[in-house]
Structure formats: C-alpha cells, structure tokens
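Take a look at these structures.
What follows is chain A paired twice: with chain B in the first complex and chain C in the second.
Moving on, here comes the complex of A and B:
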C-alpha cells in the first residue's frame, strides 16, 4: 500500500468511526463533538483529492463556524446538556427500513455509474479557475450574488427571531 | 501538491503529541490524594454554585450566526480576491456588490443592537 492509500483509509476510518460515535452518543453535546471529528476526517479526504481549498473551507466553515453554532445551540437549549437521550424511539424499525432502502439506492448508483478516472495531477491553477468562473456571467455570477442575498436573509431572520422575545 | 501537506501532517502530529505528553507526565508525577474540597470545580477562586452544565443566554446565538455568515462570505471572496488582477471591471463590481450587501446586513444587525454584549 502506498502512503496515500494508508492516509485514505486512516481519514476514512476517522470520518466513519466519528459518524458512528455521533449517532450512538447518549448526550447530544458529545454527539456534536463526534460530528466535528467526522468533519475533520472529510477534510483529510479533500486533501488527498488534491482539493486544498475545499479542505480549508471544510475546516473554516464546518469545523469552525457550524461547529460553534451547533454547540451554542445545544448550550442555549434548556435541559439539553444534562439529558441522556435514549438511542432509539418506537419508530426505529421504520427509520432503519428507510435508511436501508437509501443505502441500496446509493450503492446501486455508485455501482452502475461509469466513474471517470484519470492519473493526471489536478491543475495547479484550479483555484484561479474557480475564482474566474465564479464571477463570469457565463459561469456562476448569478448564484454568487444570490448567495450574498441568502446570507443577508439568514442574518436578518436571526436578528428578528432573537429580538422578539 | 500533496508533498506540501507533509508539513501540515508533521504539525498535526506535534500538536497531538505535545498535550498528550504534558498531560500524561503531569498525571504520572502528581501526588494523587483527592479530597472533596480539592475536587471542587475551580471558578476563579469564587465559591462555585449551581450545576456545571448551565443554560446560556439565547442572544449569544446571534454572535455564532454572524460569525458563520462572514465565514461563508470569506470562502466565497477568497477565489475572487485571488484572481483580482485579471478581472474585468464588472467582475470587480460583482464582488463589491457582494461585500456591500453583507455590510448592509451587518449595519442592520448593529442598528438593531444584536451585537451588544450582554
């Protein structure tokens, strides 16, 4: 096995193990911490895919901002910190059935899709190309501006909800 | 590309190794004679009262949310700033519009007093 394969299995195991730890955690706060570890594993996989910008964004946005947001949300909720939630409720069999069906569909999709593989290295200027397409009217100029409107809406909505008590 | 990440990997290992060694050494060397007084939660020398899991004020959520929003803004602006020198004028103005919209949102939150520390 090459070093890359070892690292791939290491980060994959971190992401999967943390995800299992998250869904089996008895305290919702511990589940949030497991989730952050799973995000870290995914960031490692992005590095192995030679997508360092995505890896950095994963660390900044998911582990940094969303992690802080979720931990705040748990700490702000009454009784959430001490509660030891039961792992399953009485609808566990139906949820399991749905999850198994989704797994079958996804596995079938992955199996029958002709994945394009290449041995060529990722272009060194991929981030420059991303920046150019992001503001190109032929590319993603409109989604780029819509994203800022979406962020403004999120901020105004949050301010409104917090002020009205 | 991946070779550059060797340094990140080395730093990661050092960052894990140092605290584990320091805490492990402290655990090995310290005398272990606990009493209820010693095991109390340390709270800046004050008498601790109540539970250690307390509920925080909901207003703090807005700080986390503002942080998230400007974090996402930074992710969008980074590729734009990287190619700034090769951009035509309208593309620069697109970025300026992006920043202006979010600046307006920040001013709105500020005016509403959402950024006051409580």
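Moving on, here comes the complex of A and C:
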C-alpha cells in the first residue's frame, strides 16, 4: 500500500468511527465533540484529493465556527448538558436492518462500476477556477446568490423562532 | 470558464418573478419595522397585493424561451404555469393568514412565506441539479419556520421539529442520490446528466433515481414518505397547513415531472411501473386512513396524501396528456384545498376546536361558510359538475391513453371510498344540530375574498374548464 492509501484509510476510519460515536453518544455534548472529530477526518480526505481550499474551509468553518456555535448552543440551553437521552426507540432493529441492506446494495453496486478515475495531479489553479465558477454568470453565480438569500432567510427565521415575545 | 463569458441582461427576464419576490420580501420586512404593532395585520394586504403584481408580471412579461444563466434555469411555458400556481396559492394564503387568530401578525411570517415562494418558483424552472437543490432547501427551510411559528403551542413546535427532521433526512438521501448521478455522469445540467445516463449501468442509475425520488416524495407527500403529513398538518398554523398542502406539493410535482421527463427518460418503463405502484398505494392508504380521522386537519392531511396519489396517475402516464392533466389538477387542487382550509380557520377561530364535530350546525351559523366547505369537499371527492370531477376525468383519460387501465380502476374505487368521508363532514355541517347554532360565524373581509374567489373558481373550472386546460395543454407542448 502506498502512503496515500494508508492515509486514506486512516482518515476514512476517523470520519466513520467518529460518526458512529456521534450517533451513539448518550450526551448531546459528547455527540458534538464526536462530530468535530468526524469533520477533521473529512478535512483529511479533502487534503488527499488535493483540494486544499475545501480542507481549510472544513477546518475553519465547520470545525471552527459551526462546531463552536453548536457547543455554545448546547451549553447555553437549559438542562442540555446533564440530559441523558435514549438513542433509539423500539423500531431500531428495523431501521438498522434497512440501513444494513442499503449499505450492502450500494457497496456492491459501487464496487462493480468502473468509475472514471485519474491519477493526474489536480490543476495548480483549482482555487482560482472555483472562485471564477462561483461568480461566472454562465457558471454557478445564480445558485451562489440564491444560497445567500437562503442564509439571510435562515437567519431571520432562526431569530424569529428563538426571540422572547 | 474564465473571464470571457459575458452576462446577458435578458437572462434577468427569465428570473423576473423571483427578483420581484425578493424585493417584495425585503419591502415587507422593512414595512414591518415601521408599523406599530396594532397595524401589522395590514402586512397581509401588502404581501397579497405584491404577490398579485408578481403573478401578473409572471404571466404577462415576455420571457425568452432558451435557458438562461448557462443552462441553469429555463422559464418554459409549463414552468411558468407552475409558477403562476404557486403565486396564486401565495396570494390566497397571505389573505387567509390575516384572519387566523392565534397567529401573531408580523413581518417575518409574511417574509418566510415569500422566501418559500421564491424557492418554489426557482424549483419550477431549475434545469440543473445544483440549482434544484438550493431552490428546494430555500423552500423547505422557510417552511420549517412557518410550521413551528406558534412557538408557544406545543403542537406547532412539535410539528415544526418533525417537519424539519423528516425534511433534513429525505434531503440528505436525495443529496446522496444527486452525488451518485454526478459521479456517474460528471455533469449537473439535466440534459448532460440524461445524455450520460444512457451509457451508465442501469442498476446504479436506478439507485440514483430512487434516492432522488425520496426527496421529491417528501415534498408531494407520497407513500412511503407521507408519515409526517398528519402531525404536521395538524400542528402547523392552519394557513401554513394550506400553504404546504397546495404550493409545496405543487412545487414537488413541478420538479418531479421535469426531472422524470428530462433526466431519467433512459430508465424507460421501469420507473413507470414503479410510479404506477406508488400511485395506487398512495391513494389507497390516504383514503383508508382519512376515513377514521376525527380532526378535520388530520382528515385533510390524509386526503392530501390520497390526492397526491391521483396526481401521480398523471406522472405515471408520462405522456403529454398525463403531464398536462397533473398540472391542471394541481391548479384545481390549489383553489379547492384553500377553500377547505379557509373555512377551518374561521370555524376554529370561533370554537377553538378543529374536530369535525365542531362543524355541527355550521349550515345554520353561516350559509356562506357551509357552502364554501361543501364545494371544496365535493370538488375533492370528484362530484360533478365541480372542478375536481373534470380534473380527475382528464387524469384518468391520460392513464387510459397510456394503457394504465388497472390504475384507472383503482382510482375510481378510491374516489368512491373518499366520498364516504367527505360526505360525512357534509352530514355534520348540514344535519347535526349544536347548542351554539344560533351564534353566527363572523367572516372578515380577507376571508370573504378568499372564499368568494375559490368558490367561484371551483364552479367555473368545473363547468368551463376548456380555457384553463387549453392554456396548460399548450404549455405542455414545449416538452414534447
């Protein structure tokens, strides 16, 4: 195995293991910490894909900003730190069965398909291209702008729901 | 890629209604800050009047036929039919919201309504997976806020949370499906994806299709993605319930029809067979569960699942007639369901209850309201000569033309079952006596307009369907 493959499995295992830890943790606070670790694993995968911008965004925005925000929200919500909640209801075995079946089918199908892969290095100006695509009117300028409308809407909506009346 | 692409100002005409909606949302939010609390109810008038203008512009302004923004959006005639449908629903819901007592009238409420409509309008014209996803999220997230808007009411809060969790889950599954499609084809435009899917292995394409269908199915409330409907319909503020049941469902069908027509034609008969099965199960389960409901909003929730099943007949027919019939039925369904929910708003204001029993003696309390509800129920049940009858007739005709005779038989049996619970409400309204039957139901002006318009539409679309159906039929021509 090459170093890259070893790193791929390492980061993959971190992301996957942390995700399992997140959904099985009994305290919400612990789940949030597991989630940060899962974000870290994903950031590592981005590095391996030669997408340094995404890796940095994953670290700064997801692990940094969003992670801290979630932890603050948990700490500031009454009773959230001490609460121990059951993780599953009595339908867990059915959901598990379904999820396992889906995993098997997907893994089998994905395994069989000869995906278009490349070993060529990523273009050096990939960040440049990403930026241009996001502002190019024939590229993704419109969804980019709509996403900003979405964020404004979400902000107004969130404030409306939580503010004192 | 790069600096050589030029922005073409004519593209703005394609997204003119969306731009106007954004401006309207900002105006409403701004006016909200200037108005004293006791006059905020007038925001509903601002919203409705603005939406009427946007509706007129969307119908009358010239629109380029070709795709804009590098193929991201195409305001083709059928997309514009759907857009007009959402905007009409928006006008009626805004007016109806003014009379719903428990709701605090304020800018963010009407703002969320407009943002959601903006997302829906983009859904109707999106021709790119990225555009589609952003538009769907804009629609959904603002709807989550609206459903949970009565924060102090535990039912509303629970409904908001349930709607969000269910929506986030289905959205994640859909996103996974979209990523599979992108991985298979290397493109995000509908045409690119469709062309590459012809070469792709059938099984993987089908998995991508099924996962995307989960996202669409949530929006239109089809079985088995319907579990959220009763609780959310019951808990949400009634005008929001009406909004979700008509505009949100119609938006789901708009993207479903376009995606099936333009992304997955290569899956051919397989998806048709699947949609036939889902359609049959959806209408049957919806109707069977509706029979047992005591709460009128829960009954209308299951009824809306059943109605989604009828519309899926048109989707399964997959012909020009089927698609036109589905779009036409959605127009009818919009006015019909809004009439039904408008009466629920007024009755629940007075009685504080949403039980079917609380409609007892309604015919003696207000003839106008009783007949408004009756017309809506007759239309939902497909009683001639009302709009729902002609709508179902055209849907069934589309299915017969595509050779889906068995589905038509199931559809007709379902219509008969549905008459039982629709007419059961009629019995309570006209036959059952109640102690308060001398007390009249006050009908404020906005509701008068909503009910007057929808009742007229139910009758006129029933006896004079041709002009509107011809409009939809001509619009569907661009897809074939």
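Convention: the second predicted complex is superposed on the first by the 153 of 165 C-alpha atoms of A that agree within 3 Å, B and C clash if a C-alpha of one lies under 4 Å from a C-alpha of the other, contacts with A are read in each partner's own complex, and residues count from 1 in each chain.
One rule holds for everything that comes next: a residue touches a chain if its C-beta (ideal position, glycine included) is under 8 Å from a C-beta of that chain, and two chains touch if they have at least 3 such contacts.
Owing to the predicted nature of the structure, the values given are computational and were not obtained by experimental measurement.
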In the superposed arrangement, does A:143 touch chain B (first), chain C (second), both or neither? second
What is the contact status of A:105 with respect to chain B (first) and chain C (second): first, second, both, or neither? second
A:156 contacts which: chain B (first), chain C (second), both, neither? both
Looking at A:20, would you say it contacts chain B, chain C, both, or neither? Reply first, second, both or neither. neither
Partner chain in contact with A:10 - chain B first, chain C second, else both or neither: neither
Once chain A of both complexes is superposed, is A:132 in touch with chain B (first), chain C (second), both, or neither? both
Tell me which of chain B and chain C touches more residues of chain A. B
Looking at A:113 after the superposition, I want to know if it touches chain B, chain C, both of them or none. Which is it: first, second, both, neither? second
Chain A residues touched by both chain B and chain C? 132, 136-137, 141, 147, 149, 154, 156, 158-159, 165
Of all residues in chain A, those that touch chain C in their complex: 105-106, 109-110, 112-113, 115-116, 129, 132-133, 136-143, 146-147, 149-150, 153-154, 156-161, 165
Where on chain A is chain B touching in the complex? 4, 47-48, 50, 52-53, 57, 60-61, 64-66, 68-69, 72-73, 75-79, 81-82, 121-122, 124, 127-128, 130-132, 134-137, 141, 144-145, 147-149, 151-152, 154-156, 158-159, 162-163, 165
So, in the complex, the side of chain B touching chain A is made of residues 1-2, 5, 8, 51, 53-62, 64-69, 71-76, 78-83, 86-87, 90-91, 94-95, 97-98, 101-102, 104-106, 108-109, 112-114
Given the complex, residues on chain C that touch chain A span 1-3, 5-8, 11, 15, 22, 29, 69-70, 72-73, 104, 106, 108-109, 111-112, 115, 118-119, 122, 128, 130-131, 134-135, 137-138, 141-142, 144-145, 148-149, 151-152, 160, 183-184, 186, 201, 203-204, 207
